[in-house]
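Chain lettering (A, B, C, D, E and F) follows the sequence in which the chains are written, and residue indices restart at 1 in each chain.
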Amino acid sequence: MDLTHFKDGRPHMVDVTQKPPTVRTATAEAYVRLTPEALAALKAGGVGKGDPLVVAQLAGIMGAKRTADLIPLCHPLPLTGVEVRLELQEDQARVRVEATVRTKAETGVEMEALTACAVAALTVYDMLKAASKGLEITDLRLLHKAGGKSGEWRR
Amino acid sequence: MDLTHFKDGRPHMVDVTQKPPTVRTATAEAYVRLTPEALAALKAGGVGKGDPLVVAQLAGIMGAKRTADLIPLCHPLPLTGVEVRLELQEDQARVRVEATVRTKAETGVEMEALTACAVAALTVYDMLKAASKGLEITDLRLLHKAGGKSGEWRR
Amino acid sequence: MDLTHFKDGRPHMVDVTQKPPTVRTATAEAYVRLTPEALAALKAGGVGKGDPLVVAQLAGIMGAKRTADLIPLCHPLPLTGVEVRLELQEDQARVRVEATVRTKAETGVEMEALTACAVAALTVYDMLKAASKGLEITDLRLLHKAGGKSGEWRR
Amino acid sequence: MDLTHFKDGRPHMVDVTQKPPTVRTATAEAYVRLTPEALAALKAGGVGKGDPLVVAQLAGIMGAKRTADLIPLCHPLPLTGVEVRLELQEDQARVRVEATVRTKAETGVEMEALTACAVAALTVYDMLKAASKGLEITDLRLLHKAGGKSGEWRR
Amino acid sequence: MDLTHFKDGRPHMVDVTQKPPTVRTATAEAYVRLTPEALAALKAGGVGKGDPLVVAQLAGIMGAKRTADLIPLCHPLPLTGVEVRLELQEDQARVRVEATVRTKAETGVEMEALTACAVAALTVYDMLKAASKGLEITDLRLLHKAGGKSGEWRR
Amino acid sequence: MDLTHFKDGRPHMVDVTQKPPTVRTATAEAYVRLTPEALAALKAGGVGKGDPLVVAQLAGIMGAKRTADLIPLCHPLPLTGVEVRLELQEDQARVRVEATVRTKAETGVEMEALTACAVAALTVYDMLKAASKGLEITDLRLLHKAGGKSGEWRR
């Protein structure tokens, strides 16, 4: 198994010029594990119209658009749809993040979905860090992708 | 416990104008859990001079500098030092990422250290995803911070 | 009438994956109302080859390219043409800005035309603010759009 | 009256190296004039937790941080506080935007406050444009600045 | 011969809306002339896995993606492949940089190939400047382009 | 001579936290060698108020502000002054670019001055490439720096 991002031992942006553009979707998830202090702060803050989870959701959507700026070998892609959802799972003291990204392009949007989740989760951390620095982001992973030659993949 | 990033129920960038600039450091970590296919690909790719972990390391350093662009309520800070290390822990089939960020500013660099780890870990995923899509990023968390009124914190 | 940018009460980037790309254009305008001091400074500065209006014009063109970075739910689009014009309307003590943006995409470029006008007008303010801080930007609005399912629209 | 942004007839970024950093604040405002359709859509959309005005507010805060990227001759400044407020003034069929920006620097933050207002207002337009394209952004202007050699200014 | 980037004496982003997207490639080169001190430092630094030329190579790839942000009248293009190579030509005391960029678009990628070379060469300078400030970047030029109405061009 | 940007064989952003901020300046230059066709086009285009050299000058100023985004191991610095000058040296069929950058910081601005020159020169190329693709950018180099522990340096 070779690393596709390397050619003659050097990193490059894989040439996808000859691939036909097809519809692509990818869905990823992540979890933010809350401490009791963070959970209390989030619940207290979540009642107004400035819900911290909406801040994180927007950060995730905007983060998806910055993927090619952040990940050195990612292709810049014209995204055609981004959804990010955050849900407080209070009984498990965690926030779940899920992102779905769509495009019509020569290559897939897995990195965009993962980046959206990462940025949204980091934003949750940022807003709760005054209450507790012990939060952890975990299980950031791809759930599903479709489109392209390699077809569908599901965790 | 109030959310410091909210004022009258609305998000804002906290006013730190009157705080004195002090030396700040923060260290964070993250892990990328490898599948057997990804581990094999990483080991095969890691012998040349284009080590995939160097790509991820650079992405992490550059990611630290983009923190305020990504996290909506983060202050833009003039970073004075960034170190990112990646280590393949082969017996545990994972890559460990550690980032330390320094500044002399009115507020801390926890988010910069966490963002550096997240971007480096996402870059590892990007380079190995052709071998396996089942990798997970986990345990993204703060290890240590120092400086500022709240002083030292250690996990 | 629902807000298209919201789904189940949460903001998202609208899914346009299935829409066919078509030629799109949008034209917007804005005005910068000058004080007597600003008008005098602009006229004095406008004779050399570093005409302040050229600075603003370039800022507008570059601003159009940053639209998806600035407006959270905007789609990133591959613009195929941007024109920005600024004209000093001395008898009315104002500068008129007009921007036309073109693309071949699944969604329109109204926001790009408006953003180009806004950035150009802000740049006029920036260059004249040492002469007078009382300038106002006003009447920033869409004049015309064409292309896409909703067809032509004219103010 | 010379244009400070020009030197020998050419634009430049004014040299402020020798000025002492002082506390600076600036407050700006803007209005989005709503059509009846847009007003109805905003009221319908504003009841859930995904309030469109919160989206615009966050865009404004992030926009303030991009000012030096957008306005060619602006100095990059380490902002120490940003507040953006949006208020629906239903009886006047408009949304009012107000932004206050703070820093401790060699030059002022008027452009940052104006840019925050512009981006927030453009985001309101973006979210309501499916309901009505006839909205206008108007009265984008500085209300107050303090700090620096030129001292306080109030409209 | 008119300047295509100017219309009625004002700069604009050329309208390519009606041109058909075709496969485009461009290759550019640049040289970094080393002083003896810089050459020695590069050779000493180049043996570990953190080869300075890999840092520069990645910077070049990422730089290609920022072209439309940097060059005012460039069209934003969805790049489909980027290769950057750096080679120490020890006998001539210089580093050669070569970049090839590909897209399927209405306009060419000459500027992207040149920008990749420039950013990679600047990064070489950055890493060697502690050893010697006397390095020079030279012969930054296009070698080849193909695709589009004007067809192939070779130096 | 070790490479300061490497630590234990890995690239890092050098820690300058403990260095005192001092006034720093750097001046760099570059040349764009014109073909006869490019020279003719530049002279024809240079008579209007949209002088191509002003476009390049602005691109250079904005480029200086993007240095830390482009060069992986550069520190983000709050620039306090940027001047970029372009001059057509007709008898030598070339354009000379010179940039001076100032800051008050822990580290120098050599890279900012060089990046400003590179972006300005690339912009000259972009505007003349329809007339001739054979232009070359050459002699991009530091002329002078002052400030910091290493003191003054002059080519």
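Going forward, a residue touches a chain if its C-beta (ideal position, glycine included) is under 8 Å from a C-beta of that chain, and two chains touch if they have at least 3 such contacts.
Just so it is clear, the model here is predicted, and its values are computed rather than measured.
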Steps needed, at minimum, to go from chain B to chain E via contacts:
1
Tally the contacting C-beta pairs at the A-D interface and at the A-E interface, and name the larger one.
A-E
Centroid comparison with chain D (C-alpha atoms), farthest chain
E
Taking each chain's C-alpha mean as its centre, the one farthest from chain A
F
I'd like to know which pair from B-E, C-D or C-E copies the A-B interface, where a copy means over half of the contact pairs are the same by residue number.
C-D
Distance between the CA centroids of chain B and chain F (whole Å) is 31
Using mean CA coordinates as chain centres, what's the gap between chain D and chain E in Å?
36
Each of the following residues of chain F touches two or more other chains, namely 10-11, 49-50, 54-55, 58, 62, 66, 69, 72-73, 78
Based on which chains are in contact, what kind of graph results: line, ring, star, complete or other?
other
Which chains touch which?
A-B, A-C, A-D, A-E, B-D, B-E, B-F, C-D, C-E, C-F, D-F, E-F
Across the complex, what residues on chain E touch chain F?
1-6, 9-11, 30, 37, 40-42, 44-45, 48-50, 52, 55, 58-59, 62-63, 66, 69-74, 110-111, 114-115, 118-119, 121-123, 125-131, 133-142, 145, 153, 155
Under the stated contact criterion, what part of chain F meets chain C in this complex?
49-51, 54-55, 58, 62
Interface residues, chain A side, partner chain E - complex:
7, 10-18, 68-69, 72-73, 75-78, 105-106
What residues of chain F sit close enough to touch chain D in their complex?
23, 25, 54, 57-58, 61-62, 64-66, 78-85, 102-104
